[in-house]
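Note that the chains take the letters A, B, C, D and E in the order they are written out, and that residue 1 is the start of every chain.
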Amino acid sequence: MATGGYMLLLILLSSLLPGVAIFFLREQQFALRTALNLGGATLKFLLIIALLVGVYRDGKTYSLSVNLLPGIDLVLAADALSLLFATLSAVLWLVTTIYAIGYLEDSPNRSRFFGFFSLCVSATVGIAFSGNLITLLIFYEILTLATWPLVVHRGTAESFRAGRIYLAYTLLGGAVLLGAVVWLTLLAGSEPFTAGGYLHHLSADQGPVLIMIFAMLMAGFGVKAALLPLHSWLPRAMVAPAPVSALLHAVAVVKAGAFGIVRVLNDVYGVELAADLGVTLPLLLLAIMTIVYGSVRAVFADDLKQRLAFSTVSQVSYIILGVALAGPIGAVGGLVHLVHQGVMKITLFFCAGNFAETLGIHRVDEMRGVGRRMPWTMTAFTLAALGMIGIPPLAGFISKWYLGLGALEAGLAWVTVVLVVSSLLNALYFLPPILRGWFSRREGPWPDERHGGGRLETHWMLLLPTMAVAAMALGMGLLASLTISPLYWVTFIVEFEYGYDHIWRAIFEWETP
Amino acid sequence: MAADVLTPQIYLLCGVLLFVLGLHALVVRRHLLLKILAVNVMGSGVFMVLLGVAAGGEGGVDPVPHALVITGIVVAVSATAVALVLMLRVKAATGLARLPRSGPED
Amino acid sequence: MPEEITTWFLIGFDALLALTLLGVAWRLLAGGDLFRSVVLFIAFGLLLSLAWVRLSAPDVALAEAAIGAGVTGALLLVALGRLRRLENRFFRREGGNT
Amino acid sequence: MPWMDVMADMALAPWLVILPLAGALLAGLWPAAARWWGLLTALLTLVMALLLALQVHAHGPMILDLGGWAPPLGITLVADGLASLMLLMTAVVGLAISLHALGYLAGEGRGHWFWILWLWLWAAMNALYLSGDVFNLYVTLELVVLASVALVALAGGAAPLVAAMRYLLVSLLGSMAYLMGVALLYGAYGVLGLQALGAQVALSAAPMLAAVLMTVGLLAKSALFPLHVWLPPAHGSAPAPVSAALSALVVKVSFYLILRLWLTVFPALPLSGLDVLMGVLAAGAVLWGGLMALRAPRLKQVVAYSTVAQVGYLFLLFPFLRAHPEGWKAVVFFAVAHGVAKAAVFLAAGTLQRAAGHDRLADLGAVMRGRLKTSFALGIAGAGLVGLPFTGGFIAKWLLVQTALEAGLWIWALVVLGGGLLAGAYVFRLLGPAFEPGPADRGRPLPAVMEWVPLALALLTIGLGFAGTPALSLLARTLAGGGG
Amino acid sequence: MIRRRFTSPLVLLMSLTLAGLLIVVVLDLPPQPGLAAPVADAMDRSGVRHPVTAVLLNFRGYDTFLELAVLMLAVLSIWSLGLRDPIPARPVQGPVLHGTLRHLIPVAVVTGGYLVWVGSSDSGGAFQGGAVLGAAGVMLMLSLPREMPMPSALVQRLGLSLGAFAFLAVGTAGLLTGHGFMGYPPAWAYHLILGIELAASVSIALTLVLLFLGGRSRRVRHGR
């Protein structure tokens, strides 16, 4: 057990224990529940910062392992990639918690909601810190368990239907994943994640088996990442409350899937082996198909949250596209999009939640003139949407830029065409709400106006988190060259994973000519 | 000499046939009382096989199967008593002394 | 050779007893009149004790006669009586309804 | 640990029979105090079972000649890894059932009958797990049957009585088949000890037929599809502690015995054909039980059908026995994990039923929202049934899939994974009502123990998620058969 | 009905197959020595002279102990099923039956006692003796025009568990004194076995009568 392994446990417990405690609070114990929520979220944030300091300044390693079966351990470990994902989760959890407290004010069953909400984040952080494939599988399944109650939270027939579909997909994915992980463990043992993979030593004639397992792993993780044939649970899960959608789409569930794919490709198979096996190209094609398909569906979706959901289907596949390019620059683009998409998408969902909660706006055509009524929210929405389209100098531009460079580096120039087409489609579905919101005039009353009369355009607990994440989305693009930016971080990871010392310098020079 | 060999053989054969006879009746008959009787006949068949084995052994009559069969008889009467009372309860509760929707295996 | 005759007589007896046992078992399990089945079962138990004697198991024969035939027979008879009474009760109840 | 050395020579095994039996006799003598005898017995038996497991783990299997008469003549008690794990599981679940019954049966006029019969059942199961003699096993088996039939019938009413009758007849049929097997074995080898038989059994007609008769007889008792008809009404309508005892423990008894026979007595016999047949029946059970559980309208019925499904997994034993020398351990671990989880689910269901006054799933939402601890227990233990991570069920599922893949029997791995999906569907269906909108209602007042016990047992399911290694190393101390 | 028509021949076929297999196996059983020799060798340490009794109460005493447990459990199971109806009414007995029984019952009691005692050296023993005693009790029941008043519930329960208790106590004492569970010190074996036999026969006799009654009477409520 390396030093400070309990630090990781503490990070898990900082949301797990408050979560469990919250379950047993009475509905009226608002103050205590809020204290537990915010206390846990803040504590986790601080612990992650401490962890970052420990890893990067003091060069400590953190890991913790618990025996499960002979030769098989539950391993928690902190490497650069897990820290990236954990930090993203911790930050976004903090803001989402604040947002959710405001959003769910006076609605029933809040103790249950926040309990599962906390469990969900614990599972996500567990996924981030998983040190081997089995641990990843375990937390991945726990995430299913913790998110189902959130999907069905409203308790309507529609949400139960969505919950059933969600379960059908994720449990099936989990079963496939379990089969794959057991199989792989039989072949190669329960190895820790290793940069460059740990399957090289397997003899060449096991290629077909490895391809089969790879396909199963991709199917298992692809469910949550909403890869093309497995995506349809996601738009339906939109019946959940806005903070859940935000969490599901921006951080927890889809990212867990994408993160799993990144882990498998980078730290289990290794990019070289994957490329040798010829599995990266099919994955790339699948990602591209998902990107285009999601964008097209988003164009034709009238409901705002549906549109965002299909946008998520499309955008998450950028991450997969990036790693499937099998080169360092593409990987930078994919991984940085993990962060960028998270922050931008959560901003969009917060905005959509604000519109729905304040004015009862659910459909794109109802957004006419909303810019005058809610200028702050509309500004945030605009920033994030433009970022998604990839307008410089916003965060999405950086992702797409590196993805494009990565494609060129990999000799797949045609992929850039896909990126361009996709960006056009992004514009096609994000510009109408922006234009309508700012430049159209409202005739008649809002569908369902609630937060009238205050000095702010809506409840401060809704507005503040929205503005915070919008500012982050802006900052990530503008300040991409700072050493605390996700981009810097990602290049560090990629440098390590791909073993190129010079690459990060090269990228950096490429980026700032 | 012939009797020493043949007598156990006759009873072994008889025991086996009683067992199968009981088994068949247990499956086919529907009245619970007959089923209970069938189990008893099956048991008697097994006891007969055990005693046949005891009588046909190399080293004279073997007392161990005798003890086993005595134990078995007592167990059988216990089970029969319980089954009979249960049958009466079923009859009182359902009006039938047979199992509803009786499949071939019960 | 009287010994041999005795031996074959005994074997004949064994065979006859076995056949009788099988016949009685067949009849008692054939269904029809339950009372007859129960009486046949008691007879079956007594014949069994005879068989146990032939198999040099006097202890078992005693136990069979006392428990297998005696007690089980009594149990069966009482159960049959109660069953009849329950039947009458059901019959009467249904008769009263119509 | 020095005290372990002191313990090395102590004969602990008999106490696991003496204690519950004495408890049963005393409870029968003073029915008014039955529950206190029951509780005392449960505690002492658990302590003894723990000590025995530690002893076996430290010093290996223990064989005890009863009355000082060595095997061909006397009966032995065998306390090895397999037996002590089953005893421990029984003791843990037994204590939970006893504690829960304390609340569940409080104020019931006929409650003492539960205690008396339950202690008898416990004693009988312990005697069975320890027995090392095929005929003695028959007697203990009959004890188990009589006690559990009486427990099933305890609920009264037409359905439980019919179920009890069916169960009794199926069991007697099974017992007779088993006994015929014993007679054939004695006829062929002239001994009754498991080890002694195992040393002699070779491939020939008599032991083959004996093996088939005994196995089929025990299968009927264990309600393997399609011989399961009696199980759902019996387990679904009994009082909750009884359902828990039947589903979690009694079902495992005949499974244990089959396993014991094939490990010790019949390892020399080939399984060809039998393994495929059993595998197909197992798959049928998993599928049928799962589908019925998806349709049953009442909470406890769902759980009862879940037992039908999970019995199916137990009989993957046969394909595994044939293809993988260590495969049976996975199945045993599954049996233990299922025992704990199923008991927790049934006890939680009983608590909810008592609080609501019924167990119709459609109308259970309010009470599920009001009784959070219990709903949690239901959820966690349900996750155990599905085999979701951090539960014993996950480790069990992992081991089953691993065994199947290692042996190249991917079809059984598919059965396990598919069964897990069905289990997921019906477990989440159970939890659904808790998420419907509406008020929360604690229902009728209940003793606190009825809420805490299912929760504690459910948390133990999580504990089992980390018990894989110790359990497997305990199972490694199991007496193997075949040539001594 | 279609199902039955289909299954009946199937069951018959399977039964016949099983019968065939069993016959082949049973008639082909190899000659084996069995346990006659080991029993004979151990008789002098068993405390009794009759081999079946030695097996039942000493070598395989544990079986017999559990068998007593089965009997007792059967009674308890029946009791747990609820109160019973009284035994069917009987016609008033004539003087002949009455007179016969008056003589038969004492004879049965004596025979039963004798069988228990003689079990140590000859055919007989607790089960046979107990059964005869029980049969006497059943006859007594049948001879009385009305149901016999049974002793109080506690006495019934005590009598019922006497045999199992005695066995358990002796067995546990063996465990505690170093003779092993269910072990007797050879010097005491005869007396212990006789004691257990007596206690067991009382329990068995009572058990059989209670089994015959088939539950506790609805008319006489027994307090707990």
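Throughout what follows, contacts are C-beta pairs under 8 Å (C-beta built on N, C-alpha and C of every residue); 3 or more make two chains touch, one makes a residue touch a chain.
Nothing here was measured: the structure is a model prediction, and the numbers come from that model.
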{"item": "Number of hops, chain C to chain D, where each hop joins two touching chains", "value": "2"}
Separate pieces, if any, that appear once chain D is removed in thought: A | B, C, E
{"item": "Most centrally placed chain - per-chain CA mean versus overall CA mean", "value": "D"}
{"item": "Contact-richer chain pair (by C-beta pairs counted) among D-E and A-D", "value": "D-E"}
{"item": "Chain B and chain D: spacing of chain centres that average the CA atoms, whole Å", "value": "28"}
{"item": "Interchain centroid distance [CA atoms averaged], chain B/chain E, Å", "value": "17"}
{"item": "Computed distance of Cα centres, chain C from chain A, in Å", "value": "78"}
{"item": "Where chain A and chain E are represented by their mean Cα positions, the distance between them in whole Å", "value": "73"}
{"item": "Contacts with 2+ other chains: residues of chain C", "value": "59, 63, 67, 71, 75, 79, 82"}
{"item": "Touching two or more other chains - residue numbers and ranges from chain E", "value": "22, 26, 29, 32-35, 39, 52, 59-60, 63, 67, 70, 73-74, 77, 81-82, 125, 127, 208, 211, 214"}
{"item": "Sites on chain D at which at least two other chains make contact", "value": "135, 139, 142, 146, 149-150, 153, 156, 180, 184, 186-187, 190"}
{"item": "Those chain pairs that satisfy the touch definition", "value": "A-D, B-C, B-D, B-E, C-E, D-E"}
{"item": "Residues on chain C engaged by chain E in the complex (per definition of touch)", "value": "58-59, 62-63, 66-67, 70-71, 74-75, 78-79, 81-82, 85"}
{"item": "Of all residues in chain D, those that touch chain A in their complex", "value": "369, 372-373, 376, 383, 386, 388-390, 394-395, 397-399, 401-402, 405-406, 413, 417-418, 420-421, 424-425, 428, 432, 435-438, 465-466, 468-469, 472-473"}
{"item": "Residue numbers on chain E that touch chain D, as the complex places them", "value": "21-22, 24-26, 28-30, 32-35, 38-39, 42, 58-63, 66-67, 69-70, 72-74, 76-77, 79-82, 154, 157-158, 160-161, 164-165, 168, 171-172, 174-175, 179-184, 224"}
{"item": "Partner chain B, residues of chain D touching it in the complex", "value": "135, 138-139, 142, 145-146, 149-150, 153, 156-158, 161-162, 164-166, 168-170, 172-173, 175-176, 179-180, 183-184, 186-187, 190, 192, 220, 226-227, 229-230"}
{"item": "Touching residues on chain E, where the partner in the complex is chain B", "value": "3-4, 7-8, 10-12, 15-16, 18-19, 22-23, 26-27, 29, 31-37, 39, 51-52, 54-56, 59-60, 63-64, 67, 70-71, 73-74, 77-78, 81-82, 84, 125, 127, 204, 208, 211, 214-215"}
